[in-house]
Amino acid sequence: MDDYAIGVLTNVGLVSFVALSAYLLLLAGEMSFGQQAFFGVGAYAGGMLTAMAGLPLPLAALGAMALGAAAALLVALPTLRLKGLYFAMATLAAAEMMRILFELLHLQREIDGEPVGPDGTQGFRGIRWVLEHGIEPEGYLILVWGVLLAVLVIVLFLENSKLGATLRAVGADPELAASLGVSVERFKLGVAAAAGALAALGGVLYAHHNTYIEPRNFDIMLGVHSLAYALIGGLGTALGPLAGAALDVGLLEGTRLFGGARMIVFGGLVALLLVFRPRGLLDEKVVHWLRARFS
Amino acid sequence: MAALLEVKDLVTAYGKIEALKGVSLEVAEGSITCLLGPNGAGKTTLMFSIAGVLRPKAGSVRFRNEDITRKAPHAIVSSGVALVPENRLVFPGMTVLENLQAGAYQRNDSLDEDIERLFARFPRLKERAAQPAGTLSGGEQQMLAVARALMSRPRLLLMDEPSLGLAPLVVEEIFRIVAELHRDGTTIFLVEQNAHMALKVAQHFFLMEQGRVTFSGDPGSLAEDEVIRRAYLGSAKA
Amino acid sequence: MLLDLAQNTLDGLGAGASYALLALGFTLIFGVLRRMNLSFGPAIMLGCYAATWVNLNFQANLLLLAVVALAATTLAGVYVERLCFAPHRRGSAIAAMVASFALWMQLEELATAFLPRHLYAFPPLYAGGPLELAGLSLRVEAIVMTVAAAGACALLYAILYRSRFGLAVRAVIDSSTAAELSGINVPRVFAAVFALASAIGALAGILIASAHEQVTPMLGMWSTLKGLAAMMLGGLGSLPGAVAGGLALGLLESHSQWYLGPQFRDLTIYLVLFALLALNPRWMTTRSAS
């Protein structure tokens, strides 16, 4: 595989984390415009933990995930009872605040004669744990996809368990779910925290892939893209967000299909697709059909 | 008398669930026809399907021998069918007068005469002409919903449970108006759970249960039939 | 001190006037459809790019550029409505919103395909210097902006409250089912509202582009964010609220920029927005247009 292909595939994997994070909340009936914030929290925290505190990547990832979950809870607590556009705007406002805080964050340490750490709008360079440990791009690709697949297996397993049924019930009809004895608010808080941790995990891997991050990596475009990936791919299965990310980042950007007019073609196609499949390619019906066919 | 409205084998579904499972009925020109039935029988679905708000899956609706099954709601209004919807659905942020003007949206002629006549019939509305409809009482809103529907000068007036949630005196008032409208030549197709009131005015009855018409007859046969008991049971459950 | 306060208030009102227009466009669309149109800003951007292209090639005056922007934005707006909102009228709000996002990307790429540079100059609203008045320097652009915005609001008010079409729009905002049953052609009202909202947005876009004397592809996202924030601040779905929200946003920006600096300006806006949403005061949840 050439470096370009490896880069594209790694990127597909990395965006899939945020898309999955948005997907979890969509299933719970909430449209978040702010999952990029937790991706950013993960990236900054993970980067600081390895580059500045000298922790190994796995530990840093755990720390970043905890921080991502905590940040998500902090946002979710005052906003989860909001509905629809109100929730979307509140999460957007929170994510933009987070991005501006990254811009204001100056916390550098001298390491080997070089300043390392977040430097406001100048970004945060020198997140070199992966390089220092001699991990080649192929190796990192395998690492990213390995983690993603592990997450996916867990999510797919949970989706088919009682927990997944509860999640869809909470999303489809919260009152009905509540009448069945589900504590809707606490359940949603749990989903928000898990989604935050998941985005943060993606962020850690993203930071160590790029070695350089800056606040505008985590602006609203990432958030809306991840929502779009989740919906385009389909709300029927956790494979949906992956399919969405693979379609856009992988197929179109990767193969340079349609050249410079990529979004002119793709944008129109997505809008058309949603006319016929408003819950995405892999919606509940397709998933049900596939399952009946192959099991 | 000839049929003004003919519904044939109408099927309307919400997703996979069929709310109407092949409904057939006729409303004679110049009649008051009443549709009875328990909650969830599909009465409102039928009204919305006739008015074009819901799109039937199969079957047909004919009005004055013209197929109106797939017409848009606004086109159905201009062909002469007006629905007074359940729970009234007035425009709460608009004044009473504006509500009436909106009801005549399909017309291009002068409205003054109609408004004058409706104000004479509903003096309460005249008093509140400049008030937002949202501030009216339930009974007044029902009057407004009827008046708004009449602004389109319908040949056929569909009324979906006009007495729902209103005090007995107001219900009597509503039925007095229904009788008046009928006397003035409007054909009325009424959904009602209040069978007592309906029996006083209607000439023909249909009973709907679980998406099907299960009885059709005049007041006499309705009173004889044990069906009436079931209809009452339906209203008792409501 | 007091002079600064007055000067900042004036500047804030000038910017706020354009935000008010953006919020009005958003509110109209949200009011009738209960849907969020992310492509609203990008359609405005496309209009401004069309005007810029005409300006580069034919050196037109500002009025003609405004007409070009108006036409292009309206066209884009109606296109978005047909493809993203008409098909989802009774269906999924999220699908409509994501579709409008897909078209955002499309419109943005279309604009940059014609004008690929990162930044283009745009003719200014007024080439002279500021007016001096009692120690205040009144920026003429701010005055023009405020007057144009006030004029647009008055015109919109007349359309909505004094015309037959306005009656239909308000009826659809109040209850689209009742509007259908009253004989109003609701899909046609949707398309017309999109055209009207786009026209208002195009006016805001031209004012903003010529006040900043530049256009960039960021204008799309910028307009969407400002319009959304102003709409939410003013109470979702209320037309007078949209104007109030726009002015409040402008004032909040100019004062926090002066006292706290540019980074804290945006932080303040989002903090206020977040806090208001979290506290969910009643005036933010009014639904009626009246």
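Each chain gets a letter, A, B and C, in the order it is written, and its residues are counted from 1.
Here is the rule we go by: a residue touches a chain if its C-beta (ideal position, glycine included) is under 8 Å from a C-beta of that chain, and two chains touch if they have at least 3 such contacts.
Computed from a predicted structure; not experimentally measured.
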Item to check | Farthest chain (mean CA position) relative to subunit C | outcome: B
Item to check | Central chain of the complex, centres being mean CA coordinates | outcome: C
Item to check | Separation of mean Cα positions, subunit C and subunit A [Å, integer] | outcome: 30
Checklist outcome for this item: When centres are defined as mean Cα positions, the distance from subunit B to subunit C in whole Å is 42
Item to check | Inter-centroid spacing, subunit B versus subunit A (mean Cα positions, whole Å) | outcome: 51
Checklist entry - Which bits of subunit B are touching subunit C when the two form their complex? => result 51-53, 72-74, 77-78, 82-83, 85, 89-94, 98, 101-106, 132, 134, 148-149, 152
Checklist entry - subunit C touches which residues of subunit A in the complex? => result 26, 31, 78-79, 81-82, 84-86, 88-90, 92-94, 96-97, 100-101, 103-104, 220-221, 224, 227-228, 231-232, 260-264, 266-272, 274-275, 278-279
Checklist entry - Once bound in the complex, which stretches of subunit C touch subunit B? => result 164, 167-168, 170-171, 173-175, 177-187, 288-290
Item to check | Complex contacts: residues of subunit C adjacent to subunit A | outcome: 30, 36, 38, 83-84, 87-88, 91-110, 113, 221, 225, 228-229, 232, 236, 263, 266-267, 270-271, 273-274, 277-278, 280, 284-285
